[in-house]
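The structures come next, written out as structure tokens.
Next come two complexes built around subunit A: one with subunit B, the other with subunit C.
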Partner chain A sequence: MAAVLLETKKLTFVYPGQPESSRPALKEIDLEVCAGEYIALMGANGSGKSTLLKQFNALLRPTGGAVFVDGLSTADDHCIPQIRSLCGMIFQNPDNQIVGTTVEEDVAFGLENRAVPPPEIRRRVAAALELLGIAHRAGFPPHQLSGGEKQRVALAGLLALRPRCLLLDEPTAMLDPAGQAVLLEAVQRLNREQGITVIQATHYPEEAALAGRVLLLENGLLLKEGPPNDILSDLPLLRSLGLGSTAAGELAYLLRRDGMPLPGGILHNRELAVQLCLYAQKN
Partner chain B sequence: MNHSVTLGRYLPGSSFLHRLSPRIKLLVLLLFLVILFMLQTFAGLGLLLILLLVAVATVRIPFRYLVGGLRPIVYIVIFTAVLYFFFTKGGVVLLRLGTLTIEQEGVSAGLFMIARLVGLVLMSLLLTLTTSPLDLAQGMEYFMRPLGRLGFPAGEIAVIMSIALRFIPTIAEESQRLLRAQQARGADFEGGFFSRARKFAPLMVPLFIGAFRRADELALAMEARGYRVGAARTRMHEEKIRAADWAVLLLAGAALAAVVLTGL
Partner chain C sequence: MLICTKKLSYTYMPGTSFKVEALREIDLSIDRGSFTVLLGPSGSGKSTLLQLLGGLLRPTEGAIFIDGRRLQYRRRELRELRRRVGLVFQEPERQFFCETLYDEIAFAPRNFALPPGTVKERVEQALQQVGLDDPALLQRSPFQLSAGQQRLAAIAAVLAMQPRLLLLDEPTAGLDQAGQRKLFALLQQLNRRPGFTVVVVTHRLDRVASLADYYLVLDRGGLLMEGSPGEIFSRAEELHRCGLSLPPVMLLMHELIAAGLPFSPVLYSIEEARREINAWRKKVARP
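Moving on to the complex of A and B:
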């Protein structure tokens, strides 16, 4: 088992300005995330997905319990610059997180904030743009890019900082299908090839099915966690939360309910096709 | 997208003017402004305009950018022409419309003023089309830096300016979207200037709410990326003043001296 990178201990969080007695946004969450994991965070709107992500780079800090990033407590002011270098975050709306007036200036923003020497900045920016396939857009103003390209610019801005963990807050929610595919492919590759830990909040079961572990949140509680084929095949639970499974998962569930002896945990089209073929052969 | 807002829109490129240091460009602009208002003869002004057009040609600005950039001053040009043509008297009477006359000096003074205006806009277009807004903001910050000793937050202001510039196209797109959304629900934005201004009020509320929401999210994103007010920052592109920059500045200075000495 790899080393623990992120850890929460009885993490409770109440948004400032809310009365103490009101329902906390996060309640007593105990979680360990190992380096190199790919985690999907699912839950209805307002279930606490964004709030939890923001805990990991100290944009929000626990009102109860503690959060540790690589052993550093987010409650400690001195650790915050380092924590934010370790954990980069991408938000849902690509337009509202791009600061630079050109693509390369935006990618450089985080490095400039850390007072990295300019030649080093230029090297790292070029490398990050290259890695995400947007080097040809380096001099463009952001408003001339597609949504998918903007999210890749935001991702490049994080990669230039060489983080160990990416916190993705519904990064594909405002993208077209092609843009979603390219972004997800890039994130998966970073996770696979560079061992960067990924925590991704998502509404899409197809995206959650790609993760190594799925966390289900409801009203600030960590309801259930496990591998995608456990979590995403529990249709009654998902439906009670206003969520669903992948197309193949939904269909497999319906077929099983109709008495077809399919194994549980089917999420991908190919798995379903194989199982249906086997079933057809037997009959 | 509203294409008539060319003023202040950067055009990426790699021409000589693009590569010139923004600080030098700002200084040269200042020198040329002085020249523009010192020139007294059509010959001098003509030379300057030719020089500017040559510069425009070397930058390879697309024609529609140029036209788009000049469009906002059409009304000012017309206003200037009317003012000078009808109210500056002297010389031969060229045209008589009842009690109004257009006289030679009025026409020449008017044309001179218009040429000046066109020169002014060409200069600012050359600067803003060849200098990325961030470079421009940083160039300005450089000249404001001495004020830092008096507690003036020059660095923060450079960031604020660059963000403002970055969001102009975004907010412009959003206003177009809001406009169309309201038109789709039957709102009517036609009519005279004042009735239109009044009709635009309902557009402003959602636009501002949207801008505030953006500001919140942007602040969060900036914080997540390690921005801290007052912290030391570096720049991706260090701005170095090269020999070519000094040469251009020197030439501009020489041009000013020539104008002063020859009385062009």
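Moving on to the complex of A and C:
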């Protein structure tokens, strides 16, 4: 059993300036994430996904309960630099993240901050830009990029830092299909080959299906968790939360409701193809 | 309104070393009442084109014609254009400048000098149309909303203007499934009104594919394809080469067909796929 990397104990959070009577953005969340896990965070708009991710790099800190990263409490000011170097985050809005005057500087920023030697910085920056297909924009001012280009710059800056845990807030929302595939493959490879822990907030069931565990948030509560095949085939629950499943998952659910004998847990196109072929053979 | 462009070009920072030719000699037309989807890989010029169509950028070369008249960028013309055309930005927070969500949505109706009662009605209607009608949010700053709530707010602010032409840049990015479903049902309903035109930029074709009647595909600043859904999606190879993909239900049907099942490759919605498979089931189930 791998070591616990992230832990929350009765984590509750109310945004500053909100009336005391208002609903907390997170409510009594108990969660353990082991090193090397790949987790998808799903939930309707406003359910608390971004708020939860920001707790793990101490950008926000609990108003009740506690959050530990590798055993360090985010409430302890002395631990924050270490927590931030363990857990790197990309925000939902890449504009909030851009600091450099050129793309190259922007991606190098975190490394310079950590006093990485310049030749190593150059190597890592070049590799990250190459990986995400934006090397041709290296000398450009980052604020003048297209939406998808900015999102890739933010991710390059994070990957160059090589944190042990990646906190990804809807990282593919503005990428084209090829860009989505490149990003998801890169993240999966880091997880598989280097044991990097990943927590990814997403509205796309296809992406959640790639994770080892899916967490469902509702109004700040951790409602349910489990492997993608369980969570993403519970269509009645997903729909009641304003969510859905993959195309194959949705279709399999409807066909079963129409009386077709299909097994549960179908999420991928190929799985549905296999089951329909088996059905044809039996009849 | 009918929009067409003649050799429309746009260059960012011309004459500097950062010059980017974002669009080159685009000839296109968007029919009154159509539902057009603008596709293209990242950086191909989609957002630039949308801002040109909305009159927010001025062509560096070429021209835009609205109902046959060439847009001259006179102040009166632009004011008229702003009344009829609503543009929702790709980055919703670029649109916000008011203290509260309520004021943000009320801005355009107030600006048109509508009576206070009408302003209130429009705000309530717009928030309800996008599903952001939680009264707890009204007095909050738009920046204190979740990302998806911000996008819904940006869409509501534009709907409150009651435009005749809606230009939406990645409107579903960050929305949950229920929000996406609601948005597309609304767009379909608006589009049924005579002359109401919708143009959507998106990378996700799951919901929009069964609504759109026309597609424009940009690649590196040029118009690569235009046509009906059937015409565009029969060129899967070319789409794939520039980093694009087919609608998810089509990909699913392709997989079933590749496994030897006798289905049609041109279906755009889960419901169509469900009907097709159920019909097939009746046939194979016969003893």
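Some observations on this one:
The definition used in the following text is that the second predicted complex is superposed on the first by the 244 of 283 C-alpha atoms of A that agree within 3 Å, B and C clash if a C-alpha of one lies under 4 Å from a C-alpha of the other, contacts with A are read in each partner's own complex, and residues count from 1 in each chain.
Simple rule for what comes next: a residue touches a chain if its C-beta (ideal position, glycine included) is under 8 Å from a C-beta of that chain, and two chains touch if they have at least 3 such contacts.
Just so we're clear, the structure is a prediction, and the values are computed from it rather than from any experiment.
Of the two partner chains, subunit B is the only one touched by A:84; subunit C is not.
Of the two partner chains placed by the overlay, only subunit C lies in contact with A:270; subunit B stays clear of it. When the two complexes are overlaid on their common chain A, residue A:157 makes contact with subunit B while staying clear of subunit C.
Taking subunit B and subunit C in turn and counting the residues of subunit A each one touches, the greater count comes from C.
When both complexes are overlaid on chain A, the residue A:242 reaches subunit C alone and has no touch with subunit B.
Of the two partner chains placed by superposition, only subunit C is touched by A:15; subunit B is not.
Of the two partner chains, neither subunit B nor subunit C is touched by A:278.
When the two structures are aligned on the shared chain, A:104 is found in touch with subunit B, with no touch to subunit C. In the superposition on chain A, contact is made by A:140 with both subunit B and subunit C. In the superposed pair of complexes, A:95 makes contact with subunit B and with subunit C alike. Residue overlap on subunit A between the subunit B contacts of one complex and the subunit C contacts of the other covers 93, 95, 140-141.
Against subunit A, in their complex, subunit B makes its touches with residues 10, 12, 132-134, 162-163, 165-166, 169-170, 173, 213-214, 217-218, 220-228, 231-238.
Subunit C meets subunit A in the complex at residues 12-13, 18, 20, 40-43, 47, 90-91, 93, 136, 144-149, 152, 169-170, 173-179, 203-204, 206, 243-245, 248-249, 251-252, 255-256, 258-261, 270, 273-274, 277-278, 281, 284-285.
On the subunit A side of its complex with subunit C, the touching residues are 15, 22-23, 43-46, 50, 92-93, 95, 140-141, 144-149, 152, 169-170, 173-180, 203-204, 206, 238, 242-244, 247-248, 250-251, 254-255, 258, 260, 269-270, 272-274, 276-277, 279-280, 283. Those residues of subunit A lying in contact with subunit B across their complex are 57, 59, 81, 84-85, 88-89, 91, 93, 95-102, 104-105, 108-118, 121-122, 125, 139-143, 157-158, 161.
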